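Structures for review follow.
Shared chain: subunit A. Partners: subunit B in the first complex, subunit C in the second.
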Partner chain A sequence: MTPAQTLPMAASDRRLLVLVGIVLLALVTLPWLGSALIVDKLIYLFILVMFAVMWNLLAGYAGLVSVGQQAFIGLGGYALVRLVEAGLPPFPTIFLAAALTGVVAWALSWFMLRMKAGEFAVATWVIAETIRSIVMFDPIVQGETGTSLLALNAYDPDLRRMVLYLLSLGSMVVMVGGTWVLLQRRIGAESQAIRDDEDAAASIGISTFQVKQRIYIIASVGCALAGALWLASAITFQPRTSFGVQWSVFMLFMVLVGGIGTFIGPILGALLFFALQEIFGDFGAWYLAGIGIVAILFALYLPRGLVGLWLDRGRDEPLSLRKRLRLRE
Partner chain B sequence: MLDSLIQGILLGGYYAVLAAGLSLMFGVVRFINLAHGDMAVLGALGSLWLVQSAGVVVPLAIVITLIGMAALGWLMQRFIFERALAGGFLIPILTTIGLGAALQNGMFAAFGSNTQSLGAHIGNLSWSSWQLPGGIIVGQLPVYMFATAVLVLGSLHLLLTRTAFGRAVRSTSTDAEAASLCGVDPRKVHRWAAAIAVALAGLAGIFLAMRAQVTPFSGPMMLIFAFEAVVIGGIGSLRGTLIGGIVLGVVQALGALISPQISILAGHLVFLAVLGWRLMHVAASERGGWRAALKAVFNKPDLSRSQA
Partner chain C sequence: MMPAMTVEPILRAKGVNKSFGALKVLFDVDFHVMPGEAVGVVGPNGAGKTTLFGALAGSFPVSSGAIQLGGRDLSGTSAAERCRLGLARTHQVPKPFLGMTVFENVHVAARAGAGMDQTRATAEAADILRRTGLMPLANRPAAALGLLDRKRLEVARALATQPNVILLDEIGGGLTEAELVALVDLIRSLQADGLTVVWIEHILHALLRVVTRLVCMAEGRVLAQGDPRDVMAHPEVQRAYLGSSPE
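Showing the complex of A and B:
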């Protein structure tokens, strides 16, 4: 029996990738043309995309539903503030902060990944609260007051914005592309097997703990990097904001509405969430309550999100990670 | 020191009531309601609204709130959680965290961000106290709350162990399918369990409103405390929940002796230590007990035996 042949990428997907390439080229040139406001907003959009893609990797592909990724968002920001305070240059330190947070995630993973589903979810939240309480003991954070990344004020605002914009854009492209490559590889199939049935996955020889640990660390470093970038653009570090559970609600909303466990879903979700925030953000609490209600409705009635709607109409999932096989006649 | 110990034990009654609802949902309906704390806040703000804006006397407001919360729990189970539970383990988590966000921000928009307390409406009860021999002063309100907590958990225990409804609940939580074969409707049991759980959350919220201040965003912290009490005491036993609540209360009260910030952190750390111990214990028993587990860690694996 000859093995089935895998087909190359669909023509529509290739067209989509060309389009994405053009958009990215346009985005690279944008800061020289666009206004400061637009650049700032786009930095936030890139950060949202990173959060969504990382949470989808964790929950959608490895089945690790965390409501405590704000632990790493906050830690990334805190590490940046701490290291810059110690005299390191701000921009390269963003990446160092993310790497250091990865070490924390590695240490936590031994403990966290032994829990299941709901227990894991609440425990991640408790860990985030615990880390926040510990960080608040640091004298430079001054408890609830927080602190600012004053070292950034030494740079010209336009230069600072430009550098941050390009760093965020680059990080986003690396994260989205890296996720694509990662999920195409063996670990992608393994993590999905674990998500669907952990015992069955273990019984066919997958080192379930190791796979979950890798995904957990990657997703945490990703969140820390996005968190550090967000802090660098927001400048002020406040423990309640950086470690706030609202990040988890945002991530969940973007991934759920876009389509959990699909590649393109979280990116669509992030774009939609960004648009909603621009349009309805002024309504404050009512807007956030609405976000919660929409999340409930999607979870109950459209759990596969917008991509699910697309699939229901009999179309192929764009940029699907599923392998397409040619059937032998 | 002894003073803090007593305060901690009394505080534990409040945590136990808060945790009992979460534990009941987890034990019977088999999911963790991440909006449990927000429902407690809803109970607190609901009773406050009844007292402050509708002019209802406090005891009546408490009764109305509890009935309203029970009805809310029943309806939520019927229209939201039942559907969510059918979708696997992921959907209930997503649904309840969305519900939490909706409740927090909805209450913020409706009631404002002012911190509020029922303390002003219960006369001198909020500050009067008894003097025990040895110069220890015990507030009357915490004692009444602790007594109520023990009473409520005790009657719940009797309800679950001595009545037909309790048998139905216990059989459903053991095996819903087998229970339905024996003529128990698991969906009905789940709805009533949810009604009790949410009413318990409402009661805990009223306690909080009496002893302290409530804001619309107090919920997440209450959920975390409830979860900590449940895990410390062991899931699925009301006595364990009471003990867990008391341990958490005592740890927090002792931590508060050092600084207010340490109080909450101490609770988190004890919770993590208990959880870590339990997970290690499970890992050890999988390897044939502690002695075998230590041997497995420190010695090379015994290959000859595994091949036999």
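Showing the complex of A and C:
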């Protein structure tokens, strides 16, 4: 008897991965062909994808529903400003800023992760606001005024845009690919078990704190990296923007509308959110109304998000990480 | 069957007390299980049976007293560590991972509890699903299971962690007679493979087909333990079950 096996990846998923590969190759060549405007917009899209994928890893897979990831988005940007101010070269420092933010996340994790569900969510926001207030005391930030990453102005704008584009694209690919690998490793299954029932997870031998801590740090470093990249594209660092709760609202929207707890959901959600911003962006306040209406429509008619288009028909969504046993009996 | 290589108990509770705030739930519980043995735990509702399991499995720290597994003191070890040391439990109210399939529930237990890699965990999970009769439901979402299948999943998931000792908490309630026979056969076959079983159960006729020793608890205390017939005939046990007249 051959040993039991799980079903291999569906043929449609393999085709989809080939298509994704082709799109990525096209994206690599784009800055040499596309206009500056398109390149700038794509940088923003890549950053949105990173935010969505990281928030989904945290909340959708590990059950750590945070409304304070802007703490790390802001810290990533702030660390970048500070380090560049100290004389470090801007582009490589983006990664150093993310790594340093990871150290902060590690320190915070010791007490943040003792809290459960609602407590945790509220505490994440409180921490984000606290960190923002502290950062505003920094003389170079000048309170509400903020500061600029002037060192980046020394570069030729086209070169700067191209480097930032490639760094953002590369970071997104590593983050999304890394999440794909991570979720198939033991820690991926363990974090889902914790999300579903923490006591039961402990009872089957899962070190719940350590698993949550790793996911929390990874998601924070991811947000910090995307936050630092966003700052490098925006140039201006303002605490109210970088540490703004709107980032959490965006992440929630993208992940819920795409499909929480699925691999592809947040990516689809980011694409949809990006498209909505493009469509409604020119209508001022109507932009927020449009986003709100879309959220309500999803809650009413497609509560599982875009992946519900597959799940509601009893099928797995594309690139599902669900493990299915091959049944021969 | 292997001859017993040791006379030391594999699991032991020594003078265990447990209070939740002002409420005292366990009083000086002394109790042991020998390797390969099957022990039944009975007693009226509220006797502290499930709390005893929680104390043994490390769901919460005991207020005083000690718990030993294979001669090793477990104070300060987490529930997860106890599981990896070979002490598994089921939950009275099933706690399936609702966002996963039945197979994934068992698979993650084999990986986390027994440290198996993907391939071995898959083979092990399939084997356990077959033994527990869950194979036809393997790819169903756990959320779609009814109570009886959820109880079965509790057992399957605990087994996947490759325990030496398994604590079973009321897994027989609500089963039909035929299902009870299958459950008894399953537990006997696990015991034959060397697993030590501690089983809380109200359905005595099923329990007594498996266990060779009985522990009766009431109001947080061990009233009697030993040969099942002696325990059931014990006057205090009779009183606990049939109700006592005011003294």
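The working rule: the second predicted complex is superposed on the first by the 311 of 329 C-alpha atoms of A that agree within 3 Å, B and C clash if a C-alpha of one lies under 4 Å from a C-alpha of the other, contacts with A are read in each partner's own complex, and residues count from 1 in each chain.
Keep this in mind: a contact is a pair of C-beta atoms (placed from the backbone, for glycine too) under 8 Å apart; a residue touches a chain by one contact, two chains touch by 3 or more.
The model shown is predicted, which means the values in this text are computed figures rather than measured ones.
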A:Q5 touches, of subunit B and subunit C: first, second, both or neither? second
Contacts of A:V18 with subunit B and subunit C, given as first, second, both or neither: neither
Contacts of A:A202 with subunit B and subunit C, given as first, second, both or neither: second
First (subunit B), second (subunit C), both or neither touched by A:A123: first
Larger contact residue set on subunit A - subunit B or subunit C: B
Partner chain in contact with A:A193 - subunit B first, subunit C second, else both or neither: second
Contacts of A:L150 with subunit B and subunit C, given as first, second, both or neither: neither
Subunit A - residues contacting subunit B, complex: 59, 63, 65, 67, 111, 114-115, 117-119, 121-123, 125-127, 129-130, 133-134, 136-137, 143, 245-246, 248-249, 252-253, 256, 260, 284-296, 299-300, 303
Residues on subunit B engaged by subunit A in the complex (per definition of touch): 26, 31-32, 34, 80, 83-84, 87, 89-95, 97-106, 108-109, 220-221, 223-224, 227-228, 261, 264-265, 268-269, 271-272, 275-276, 279, 282-283
Interface residues, subunit C side, partner subunit A - complex: 57, 59, 78-81, 83-84, 88-89, 91, 95-101, 103-104, 107-109, 111-114, 119, 122-123, 125-127, 129, 135-136, 138-139, 157-158, 160-161
Touch list for subunit A against partner subunit C, complex: 3-6, 186, 189-190, 192-193, 195-197, 199-208, 261, 322-325, 327, 329
